[in-house]
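You will see subunit A twice below: alongside subunit B first, and alongside subunit C after that.
This part shows the complex of A and B:
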């Protein structure tokens, strides 16, 4: 009898029988214990890094301090001793890395420039070439308005909007969503790092990691009814988003607790924090609670009482999506 | 909106061949004999030659590609909205009533709040223009055999899963190439090309109401009429203001059930029914199209309810077109509508007492013709998208003198 890589028919049958035996034991509780142990190990880590003097004496974020804050967050997340070590656990030389910023809020309330510069610096130290880093959002003009320097060629870091390359002709669909993806994401990125801003949102409730992906599809205006639910979760299920997004670094240096998504200074606070996690659902849950605490502090009703609780976060965690967890028992929040 | 294509070059003719895997030959046999089949084939060929009419935008608009257009020339303040606190606005154009924050857009994607003032971004921003037979709209009781200078901008206020023009209706204006075509120019071009009518169509004219109103005024000043092909999903005030300027209206009544409107159209039925009643009160010539989608809106009960409602609320003389669905956009899993289903729909509507029930998207089908409801004689014979015979005289049947409603003569 011909043997396949050393496995005999007898070996194969033995393996099958053993597998069946293990499955039958599971009803007795042994596997359940193992599953509980696994879930304890599989808690989603969300790092909240704060620096009360992030701005020093100035009104803008200090470049060196935000770099240090980023290092603290990343090293805590990855358990690394050195900044570059943590980034090397996430990206490999030769990969093209897209940084999806949120540039809708102009200079006052878009992804922080100093933070983005710090990320680019560490990515290059991890072996990513400058030309393989693309900072992008929907529109080039919006990026410029937010203070980003547009760059489309040479060996420098790239920075431009999807309007420069356009959207794919073909629709991609999931659930309630049918959209065309930004060619920057579909063609020019192997890895996506999500860089949202911590915001109140009049439609969705809050806007952070998951909602920021509206900026990579051609028709976000179609997905705002019903508190953006289930649309936000469905958008994040689109294959290029789900498979390429490895990390979210939420800019919570300035945040809003009311009046969003546009910037209303009267409803903003200098939070001086970064929220970092590979789990966008857990990050959104933690950010939501942060906004609720600020709302309570200011004497405002909860988002649920205002009938705009971000229900899409639970949808993203449900059995159809499994994009992460919104169960506080399965989220390990680490404050540094 | 569905039911029309960007150009005749894109026309997908109905699958009448038995080789079509979705249509059983027995289904065809039940309605199309050999003669009918050959006639359909000839009509399809004839319709192909109509491509000459369907000149693309670049041929019609002489300034196309001449220079990059500035976005600012397409931006005008919206006419139907109210200002709210903290620079927000509430759109009053359609029943959706989007509340839009500063620098955000409404559901349609073509209206933007800039500092608390709401703007249309698509005035004179024509993304497609063609010269079509009026029968293509379809308007069967309006100047048969005439041409319509047909145009659209990007955008739509619903999101039909079967949309045939989703590549212009479900995009933002900056995502599709467009040309600057101000109202007076449109009116002049319509005259130049021998079109007695301008048709606002293809995407959803509700969302470019300001442009539509200004162009209708310019057209009327130049002796050119206007018609609109619309989903009718509007607030009554905006409907009266905008469609009051139209000479005829075609409404896509996509279903007679709220659940279909919610799940397939992303809209609501009731406002559309209200629009039809309002148009009736305005004495505006109106025709209704019902796209029959297999398994979703093709039950006897729905056809009966639809026909009964039309007869009671807008009258038995309103033409009703049952048109054939073809798989598109997000509904590619369904087959084209079997022709017998359309026949069943027509039979039910006829039995309910409607006088002018047509079958569309089936070239050469006898139910494309207009017959006198009294003496049953043929009055208007149509072949695909063309009118081959038009016998109505003085708005009446020449045989029995029964009045035939419509706008028959220029």
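This part shows the complex of A and C:
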């Protein structure tokens, strides 16, 4: 793993306090603008970008519109005038960038293909070589079933599951968890961009940024009791996850408010949105509220009333974890 | 008289054996949910586009992730799934969950809000939505989910569901 020696402990602590530790620890100066901005405001910025006609007349999202929506979100997040400018604050040429998608929901409910293509396009414009981009999840067959084209060789963008490379032999531990990490994350990525889907989750309450990291460990099935709490927060404390994850781009183009994490179209809605933030805790909090609003609109009880409030979000923000903030007063939600 | 009794005894024995065999065949059919997935064109317009994949209870999380807890609590034994296509237009996934008993299937079915489902006559209870069909029959819970909405989908789901229901045969 390549580290940036330019990042000081003071930077790290400062960004910990403002809830963006994952942003700067491995990235150093290139990302300090965003960290400084967050620090000055003492708030975590979460951008919610919407396009009501993202799909036009079709049921699938329009590639050009999703690219524009991504640009809007990224430029708002980084205060940039041009798309490339925002991505250059995120990544630097020579870095190997992992895109952790969520392919569990099959073709209808996995990280949107057009969105992933748009991200790859912008990463390359920011100077990342195609071969240094790797799209991954747990299982190659799952990726294929979700519509991803598998690619493991040459100078093309790579796309395959952890089943191809396997998991590290050694356990890494934090708190209540002990897991073997995907070798794709531990050996093939310097930077992790998290691409979850906005979902209701029967066990955890909701599933977005933090929960998506269950897809980089060998034993996620062990961590579902007690609403996945404190397991989700603990998994996100594992060093390779905590230090490499710089950004979450949550695919909220289609979302579920009930019956998750599997795809139940009867409990889903075309939300036509992206939620973007370097703070995975703040993002999960904002996404949770979005799901609660939809539940209320549909006449369903709150997740708390159903005894499945996502308590792991508060755990991720607590003094032991400091993975971000769940305090609404310290979250700046910017709708574009 | 003795000959008559013997004939009656023989008929009874044969009938008993036939009943036993039938019961065995039925039991085998129930134990293998993969056999309940209709082959291409068994149901008009429907083509099966993948093999049946089966996940035993201990591995079911690999297919349905965190939702597995609900199924485990309800006594799931295994889940099987296959992809289908209707008239080359509607793509769908069919899941059949085998529970320990009918109460388990009812437990999962009843945990899901009916929403704007249309009640339909299928199995022990069924809900038809614009993009999916869920029904239970005995210890089986069946879910058909389409990737996209289509005007033809609901009726096509019903036909496929009835085909599956007949194979489950309880």
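As a convention for this text, the second predicted complex is superposed on the first by the 296 of 336 C-alpha atoms of A that agree within 3 Å, B and C clash if a C-alpha of one lies under 4 Å from a C-alpha of the other, contacts with A are read in each partner's own complex, and residues count from 1 in each chain.
What we mean here is this: a residue touches a chain if its C-beta (ideal position, glycine included) is under 8 Å from a C-beta of that chain, and two chains touch if they have at least 3 such contacts.
The model shown is predicted, which means the values in this text are computed figures rather than measured ones.
Taken together through their common subunit A, the two structures put subunit B and subunit C in a clash. Looking at the shared chain after the overlay, A:262 reaches both subunit B and subunit C. Using the contact criterion defined above for the overlaid structures, shared-chain residue A:219 touches subunit B, although it does not reach subunit C.
In the superposition on chain A, contact of A:127 is made with neither subunit B nor subunit C.
Applying the stated contact rule after C-alpha superposition, one finds that A:104 touches each of subunit B and subunit C.
Shared-chain residue A:175: touches no atom of subunit B or subunit C.
Once chain A of one complex is fitted onto chain A of the other, the partner contacts of A:167 are limited to subunit B, with no touch recorded for subunit C. Of the two partner chains placed by the overlay, only subunit C lies in contact with A:228; subunit B stays clear of it.
After overlaying the two complexes on the shared chain, residue contacts for A:278 are found with neither subunit B nor subunit C.
Set against each other, subunit B and subunit C differ in how many residues of subunit A they touch, and the higher count belongs to C.
Comparing the listed stretches 110-118, 128-136 or 182-190 of subunit B against subunit C after superposition, the clashing one is 110-118.
Residues 104, 202, 221, 224-225, 259-262, 264 of subunit A touch subunit B in one complex and subunit C in the other.
Residues of subunit B that touch subunit A in their complex: 86-88, 99, 101-109, 159, 170-172, 174-175, 266, 329-330. Of all residues in subunit A, only 104, 163, 166-167, 171, 173, 178, 202, 218-219, 221-222, 224-225, 259-262, 264 touch subunit B in the complex they form. Touching subunit C in their complex are the following residues of subunit A: 59-60, 104, 106-108, 139, 201-204, 207, 214, 220-221, 224-225, 228, 258-267, 298, 300.
Subunit C makes touch with subunit A in their complex at residues 61-62, 64-70, 91, 93, 112-113, 115-117, 129-132, 145-149.
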